[in-house]
Structures are given as structure tokens and as C-alpha cells.
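What follows is chain A paired twice: with chain B in the first complex and chain C in the second.
Right, the complex of A and B next:
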């Protein structure tokens, strides 16, 4: 009798363990996708979201980042101080200047270049693409150094040429002149960006069926009319993509050149909000002020990004 | 309305010669078909007439005006592309209006013209849709409407029905024929489909390898092929070719009959072959037989019966086409008769030749 009982009990135990392992397998299946996502979530969390949250918190605190000191909550003080700082106001103006100024380099010129070179074939096409693309892959620090030599006030090639041609009398100190500095930084950033954008536009152009242009030619449309009525509408997704990219990243793109060539000067005339943030945080060790600027930057650009997204949804035409 | 004339057109892409001296004269108001296998140069020729491609040498005339090097827009032609090439970002209405707008035709006149054409192709309720929202057949109509609205001298069509399914294709074929009658304008239509060509064209130009193989009415081309290529290209199943020495003897499947059918009272020749397969298509049956001179298809009335394995095929002298080594038609009656005699196909009626 007891033997029989023992068998029954062991059978029951077996069933229970079977059920348990089945349940475990089922829950593993349920959690599997999240396990795959975990590394990415962890990395993003540590490097993106945690610092982002810390920035929001730090924006309302005062802290010099000196070991041993603790952040003190100061409310809106940082924001108030920001708007009382002359350089910060300058930086907003310049950020707008750079953002708008970069658009011809990221959209208009590349689009025209792509259209003009669209008919090229084979090796010629590769050569021209390489030519345009090289500035993009060169390190900004290197490029900055080269441009600095070219525009050197005493022995730069540009000054020499201008004088030889009789355009100027004396040397121009390009990077310490409030007017030239800003424009030069814009020009250099744009120069680096043209290649990348041209490649993007060229790729988009090859996706447009040539039949459309032939049909338009038969309809009597000139090349210019074809550009306006067919090419541009069909490039709209790319145009809006480049617009978004260029507006959101122009501050980042200009940062390296500002740092290397002018350090924001003279008198804050070439700085942008990105550079100011960096200066407050790592030159002045004022984490609170830097974070406040970053928070403002984040909010304003998030709104712009949402706007651009809506614009893309409304105006981008996808030809399938 | 307009005539199209092409003189000694040659075209090379790099080393490769696509068109090797083409002469075509399409009379005003005809429904002309450029027919040929893919890669024969027919689309290239059409594109040159449209002005989308420049010939290496030769001249093109529309209404006796030399337009060889004119801009496409100055040729006054309407073109329908294989993939329709409708502007994907414009509505049906805008697509049709585009050409008129560029010509700066004033708005009220323009609207009137577009609406009329939209009505004509029965797309009124789709006028505000984009091409992406339309079916293949509807897109085809938009493409036609876009060409029609310009009231061109001639219409050029590059395999316009090839993207449609079989049923729709049949329907569109009829509509195109009616349209051509209504407009009374020259149509030049490119296709590789011989059935399309035979059913629509009033004038067929057959091309192969950059040469013109034959020009003529469908009847001329079918009943009197100039060469082996045309004989084999036109007709389904194609003309049976029996190889004999340097010659090829062609007889159309429907000009042959199974002796058992009893429809061959007037037959001059009888041939024996082994039946390989039989297809009963309902209205007709197609038999495939092997003979000593090659495979033969016979098309006859459907009997729903499987013929004997060893069967006899009958045909008449008048239906025999003979081609020489180069594929050119031999018209020498004596030679043909000798050839047939040599083949030991008896000239005496109803005498079976056991092969």
C-alpha cells in the first residue's frame, strides 16, 4: 500500500515539475524580446537618458563639479542668469544665423550639384563624388588647422592673394574680426557638409524614374521647369530630411570650428549655444548654468523637431 | 494628323549597332505596329521618332518636315510609355493638364479640354486621385488621356498594354482600336506580341536585329511572309518548318489537317508522323507530331478524340512556303515542285508516303 502511495506521490511530483518547467519556458518566450533589447536599453540608459535627466535636475542647482562639493538647489536662478549674460544672447542670435546660413550648403547647392551631375556615368561620377565627399570625412580639427593657415593674418595664402590681386592693402585678421569670423565658420561648416548632402541628393535622384523627365520633355517642359515641377516635388522627402538634419545638427557641426578657430570670439561674436554650454560647464565649471542652457536648447529644438516632423508628414511625397 | 517617314536611320550605342539602316513610311491616319522580339531595336526607333534619342545617321520626317534633330516638344506627338510615366505627385487632372499648362493655354480653355478628355477615357470620378490610387487599367487611360489632350499629329506607344493582365489587355486593345478610329490620327505602336499586332494594326512593320524584315498589312504578312523569320514569328503555333537540305519548307498549322478528320479532300500532299501530344482547346485542337523532317503542329477542329499514334497529315500545294538557306522566300514554282517531289512527298493526290 505504502509502495503504491509512494509511486502516486512521485508521479504527482513529476507532473508538478513538468508544469513548472513548461511555465518557465512560456515566461522565457514572453521575456525573450526584452532580453534582446536589454543591451541597447542599458547603453542608451547609461549614456543618454541618465545624463539627460541629470541635466534637467542640474539646471535647477548650483554646482562647481569640484570633488567634495554638493549641488545646491537654486530654483530658476540659472535661467535668470542666462538671460542676463550678454554672450548667451549673442549665442542665440548666432545659433539662428548658423542654422539658417547652413541651409544653402545643406540643401540648395547640393541639390543643384546633384541635378547637374546626375547625367554623369562611370568613373567620372566616382571621381566627382569622391571630390565632394572628402571634406566630410576629414577630421574637423585637421580642416580647422588647414583653414587657419590659409587665413593666417600675417602669412596666410588668402591675405597674400588678396593683396597680390590688389583687392586689399593690408593684412586682414579674419578670425579676430567680428564680421569675418562668423562668416568663415559658416563657410567652413558648409564646405564640409556639401559633399555629404550631394551624395544624399544624388542617391535620391537616381531613384526617380527617368521616364518622368522624358514625358515632361514631350510635354514641352524645359530643364528648369522639370526641376521645379518634377524633380523638387519628388525629392521632397530628401529635402525635408536634410532640412531636419541641418537645423538640428548645425550647432553641433559648427562647434568644432568655433572651438579651434575663434573660441567663440572676438567678444562672443562667433559663438553659438552649443559652444556656450561647453564653456559654462568645462571652462567655468558652472554645471548648473550649462545645464540650464542645455535644457533650453533641448526644449526649443524638440519643438522644432516635432514641427519638422509634421511638415515632413504633410509635404513629403513618396513615389512607390 | 500626320505621316511618319524614316529614312536610312542608323543608331549605335558604343560599338553596338542597334539599328542598321531603317526605312519606314507610315501613311497618315494608319494604325501602324512596330513588331519584333525584344532587343530588335523597335523601342529605340520609337524613341528616336519621339526625340528622346538621337540617331547616329539618317532622317526622320513628320508631315514631310525634317524633325531629325528637333526638340521632343516641337514634334507635336503624344507618347504613351510602357510604365505610363504618370507624374506620381500630381492628380489625374493635373497630369493631363501639365502639357497644356506649359504651353500656356489659358485656364478656362484648359479646363474645358482636360475635362473633355477625362470624360472620353471615363475617368471623371477619379480626376482628383493620384496615379498611386488607380488600377493598372485606369493608369493606362490617364496616360492615353495625357497624350490625347495635346491633339498631336501622331501617337507613339511603347508596349502600353504589357503591364496589364490578359483580360484587361483584350479590352484595352478594343478600346485603342476604337480610339484610333475616333481620332483618325496616326498611331505607331510598339509591341513584341504578334497577336496584339495582328488584331490592332492596319500596317505592320516587323523588325529583327536592327533590320526591317517585312512591312505590310496583317493579311500580307500572314499569308505572304517575305522570309523565314516572319513566317515563324507570326502565328500561334508558329509556321511548321520542315528542313530539307538547303531549304526550309513552311506550312501553317491551320493549313494542315489530320487525315482522319476527313477535311482534306483537296489536299495535294500527305505526310506521315507520330503523334506526340494533343491539346483540346475547346473550339479547336492542336496536335504535335514528329516527322522525318522535324516537329509539326496541326491545328484542326476539336474532335475530343485522341488520334492514332501513327497519323497522316494532309496539306495543299498553295499553302506551301519555301525559304532558301538565308531564310529568304523562294517563289520559283518549278523549284518548289521539284523540291517537294525530291522529298518523295507524292504529287499525286491521297497517295500516302510512309516515312
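Right, the complex of A and C next:
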């Protein structure tokens, strides 16, 4: 009897422990995805979400970021002052100028270069692509210094050449001229970006099945026709990707050249919104104003990014 | 997940600490066995023409007094006066800063710089300041207290390329005295040599004030509560400059490009700080031409009023031992040895002016480089460069500079441009 009882009890215990371990396993299964996510969430939290939240809070405060001082809440003051600042309006106009101006360098020229070099044989193709890519891997500070020498008003090669050819008759100070400065910064940024985009487009091109071109050629389609009806539609995901990239990052790409060559000048004519934010924050030590600008920038660009995402869903064509 | 994020945010926010600095004039004991490290943020260390001299000054201190007393100074090059701000904001130890005048008040309020009278013993301080020109000492004072001790100091000089002068049939030993003569000479040089005759960088930042003051104008009211640079005299002065700039004999370019043009021997006259002297002298020797100098030109017969450029030493000691270490360095660099190196190797003026007549220190150097005499003479009627009022000082000095650049280098109406800028600054002051 007691023997039987013991067996029953031990059976019951077994069941209970089994149930327990099963429950533990189940809850582990439930939590497992989150455990895997934890490192990523932690990193994102520390480096992205926390600063983002701080920015939103700081936008309504006044603070010089000096250790030992406390931020003061000032309501909407920062936003009001932002729109009264002359250079801020300038910087928005220029941000739009740089964003649109960069598109030929990030899409049209690289696509043509990729298509043109795609038909070449192995080694030649690599030589060309290496040539295109080199500007991308040069440090902007070095590039800036070299371009500054080239465009020096009195000692630079560009001015000397222009005068020798009789195109101009006096020195042009490119980086203190409100028109030239802007265009040069755009051009230099674009020059660096071409290499990167060409590589992306070349990679996308290699993925297109050669059979399409052969079939089209058999049917008598010209190269131009092939480009328009086969290449471009099949490149559409890449085009939209590069469009998104260059719209969202053009301000960042131009930043280094603005800082090195013009510091936003002359009289704020070449600055962009990134540079203004940097100036407010780290030159004028006005974290509030900088955060207010960043908040506006975040909202506007979030809307643009969503728009581009929808556009990609609608127009990108995938060859499955 | 959201709760997790929120929790993390709270934990992280709690991490930001606050440390208040104590104020006392007591100084701690230095220990040569266990030296105290002090950081020195210097823009001269980032300027090619001044770097070597400034490094020499720091090393000389570390090798002598520093070794003896137990102080090691580490120089940090700060090209655009931003590194020290960023590092203070990041909580790093920023002990001594070579600080410009125009934003000193701002730094005093926002960056925790301290008044010399508050941190160093009065007796030590008075003993040391004895012998430094009063005119210079008053420039770093705000509300009666020394927030910056005059350190490197210079006045604007008309540098001249002797070769281009001679090619144009002009005598470089008879330099232009007035702005009218500057115009006349520059046109002659341009005509004879095809090179630019004259330059004053529109974005120079400080000589501009001298130009305005020389014509009886003003930049900021005496109580520092109102910008006043849109008055008739100032407008006239800037219009004169604009005429110079646009008559075809003026070089174009920025404050960093024009010295390069002058050093390459492609510019007849260039107004800038004497701090450029050593670099210009080397360039002239390499290029085979003679370097000459003259004081800031005047408007007609009114004497010109140069302003000073240069820097003060601003300090933020965070404990008593640091304080003693900082004081040793300051005593050295603004003492006889310090100024000898600063003048002969970096290019600034000796603020202990009697060193210029002392054969043990600078007499020989000044005799070899007569240009410094002009500089020392200008020290007598010097006016302080504007210290813009605290909170928005950097913005204000930017607005002022931009308005001048626009007025001088473009077709913009001078009066309207200056008025708009003045209004913008006055709105910030309120």
C-alpha cells in the first residue's frame, strides 16, 4: 500500500516538475526573441532613442551644456528665435539647393557610368571603377585642402588657367563669393558621391539577366531602347534607394566641405541646416536652439522618408 | 519594451552629475615627485606661423620651472576656438585657455572661467602684474575683475612687399600714412606690376573695428548695452573700404587666403596682425624680397586708432593644487622669459614693454626687426577690441562680421546692411 502510495506520489511529483519545466521552457520560448533582441535594443536605446528623447526635451529648454549647470525650461522660445535668425532661413533654402543639386551626381551620372562600363571586360572594368571610387575614400579634410589650393584666388591653378585662356581677367575668390561657394561645395560633394553610387549601380546591373538584352537585340532593339525599356525599369529599386539615400544624407555629405572651406559663409550664404545646428550647439553653446532645429529637421525628414518609402513600394519593380 | 526603454532612459539621465567649484584664494602644495598635469588650449598651436614658437614656450616651461616645481603643461591645439568649449561640455579638464577678447564675457558666464582676484592670492597677483602695461591689463577686465590676463597681443600693421613697391617706383621706407595714400599706392602697384596692390580681408574680425574707430565711429556703446556701428562715421569708414575693395587694385579672398597670397609675393600691401611677422619674414627671405611695415593708416589728419588683437589667458582651476600649477605656468609665460619667446618666436608684443630696452631680453631683437617699434608705438593709443555682451556674444560677433563682409565685398547698400545688423544685435542684447 505504502509502496503504491509512494509511487503515486513520486509520479505526481514527476508530473509537477515536468509541468514546471515545461512552463519554464514555454516562458523561455516566449522571452527568447526578446533576449535575442536585447543587445540590439540596448545599443539602440543608448545611442539612438535616449539622445532622440533628450533632443526633444532640450528643444524646449535653454542650456549651455557645461557640467554643473542645469537646463532651464523656456517653452517655445527656441522655435520662435529660430525663425527670427537670418541664417536659419538661408540654411533651409540651401539645404533644398544641395538636396536637389546632388541628384544628378548620385543617380543620373553614376547610372550612365555604370551602364557604360558594364560591357567592358574584367580588368578594364575594374580599373575604371577604381578610378570612379577613389574620391569616395579620400578624407574630406584632405580633399577640402586640395580644392582650396586649386581654387585659391591668387595662387590657385584654376584662376591661373582661366586667365591664361582669357576667360576671366581678374582673380576670382571662389570661396568668399556667395554664388560660387555654394556651387563648388555642391560639386565637390557630388564628385565624391559619384564613385559610391556607380559601385551600387554596377552591382545592381550585374544582377540583371543578360538574356533580356540578347532577346531584345535579336528583335532589333537599339542600345538606347534597351536602356529605357530594360535597364531602367530593372534598376528602379536601386534608383529609388539612391534617391532616398541622397535626399536624406545630402546635408551630412556637404557638412565637411562647408566646415573646412567656408564655415557657412560668406555671410551665411553656403550654410546648411546641419551646419547651423552644429554652430548653435558647439560654437554658440546653445543646446536648446540646436535641438529645436534638430527637432524640426527630424519631423520634416521623417515625412520625406515616409513619402519615399511609399514611392518605393509603388514604383520599384523587382525581377523575381 | 517601451517600459524597458523608459527605465533605461531614467537610469541614464541620473548619470549626469553636477560638480560645483569652490572659490578660495588658497593654493595647494605642488610635489615635484608627483607632478600635476595642466591642459593649455591654444589657437597659436594650430597656426602654422606661430606653432613652433608656442611649442617652444611650453617645452621651455616644462623643462625648467615645471620640472623643478612639479607641473606638466600639455598643449592642445584649438584652431577655431571650439575645441575647448566642446571639451568643457564633455566634462574634460580644461585648465587654461588662450582666449580671444570678443567672447570672453560669454565664456565667463557659461563656461565657468574664474576671476584671477577670486582664485589667486592677492599679494602674488599684484607682484606679478607689476610691469605689465596698464592699457593691456584693463582689456581682460569685466566688471572690475580680471577674467583674462593679457597674453599675446598685437596691433594691425601694414605689411609691404619692398620689391613690388620699387617696381612701381615707390619708396618702401616712406610708407603710406592715410587711406587715401593706400589707394593711390595700390593703384600704382597694380598698374606697374599687374599684381594686387592692397588687401584687408573683409572677414578679418578685428582690424575692422580699428578702421571704424579711426574715423570717429563706434561699434558698441561704452556700457556694452547697445550696438552702435550704423552711425554716420562708421558708415563712411566702411564705404571708404568698399571703394578700396572695388577699385580693382584690392586682392580678393578670405583671411586665410590673403596671407598666402602675400607670402607668395603676389600682393603689395596687406594689413594684418603682427603675429604674422615671423611667417612673412621667412617667406620674404625665401622669395628674395624685403619686408617692410607701417602703422594703421589714418583718415586724413586724424590719428588712427588701432585695436588690439590677440588673446588673454583664462583659467578654470578645479582644485587648490591645480590652482598652484596653473599659477606657475601663467607666471612663467607672462614673465620676462615668456614674453621674450612670445615676441621673438611667436610674433606678439612684449606686454612688459621695458623688455624692449633690456639687452638681456629683447633689445637686440627689436633693433633687428624695426617693425616691432611701430607696434610698440601703437600700443600707446590702442583701444580695446569689443567684448560682446555675454549670452549671445558669438552670434553677435558673427552678425557684425557678416554685415561687414557683405557691405565691403558685394553691391549691398552699406547703410542698410549695417542698420539691419545693428538692429539684429540689439534685439539679441535685450
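Here is the rule we go by: the second predicted complex is superposed on the first by the 284 of 320 C-alpha atoms of A that agree within 3 Å, B and C clash if a C-alpha of one lies under 4 Å from a C-alpha of the other, contacts with A are read in each partner's own complex, and residues count from 1 in each chain.
Please note the rule applied: a residue touches a chain if its C-beta (ideal position, glycine included) is under 8 Å from a C-beta of that chain, and two chains touch if they have at least 3 such contacts.
Since the structure is predicted, the reported quantities are computational estimates derived from the model, not experimental observations.
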Contacts of A:170 with chain B and chain C, given as first, second, both or neither: second
First, second, both or neither for A:233, with chain B first and chain C second: first
Which superposed partner A:285 touches (first chain B, second chain C, both, neither): second
Dominant toucher of chain A (residue count), chain B or chain C: C
Which superposed partner A:122 touches (first chain B, second chain C, both, neither): neither
Contacts of A:39 with chain B and chain C, given as first, second, both or neither: neither
Touched partner set for A:220, first chain B, second chain C, both or neither: first
Partner chain(s) touched by A:211 [first = chain B, second = chain C, both, neither]: first
Residues of chain C defined as touching chain A within the complex: 1, 4-5, 8-9, 12-13, 17-21, 80, 82, 85-86, 88-89, 91, 110-112, 196, 202-203, 248, 251-254, 257, 260-261, 264, 266-267, 392, 394-395, 399, 402-403, 405-406, 409-410, 424, 427
In the complex, chain B residues that touch chain A: 50-52, 71-73, 77-79, 81, 83, 85-89, 98-99, 102-103, 132, 146, 150
Partner chain C, residues of chain A touching it in the complex: 34, 41-42, 45-46, 49-50, 53-54, 64-70, 84, 86, 148, 152-155, 170-173, 175-176, 178, 263, 265-268, 282-285
Residue numbers on chain A that touch chain B, as the complex places them: 209, 211-212, 214-221, 225, 229-230, 233-234, 236, 317, 319-320
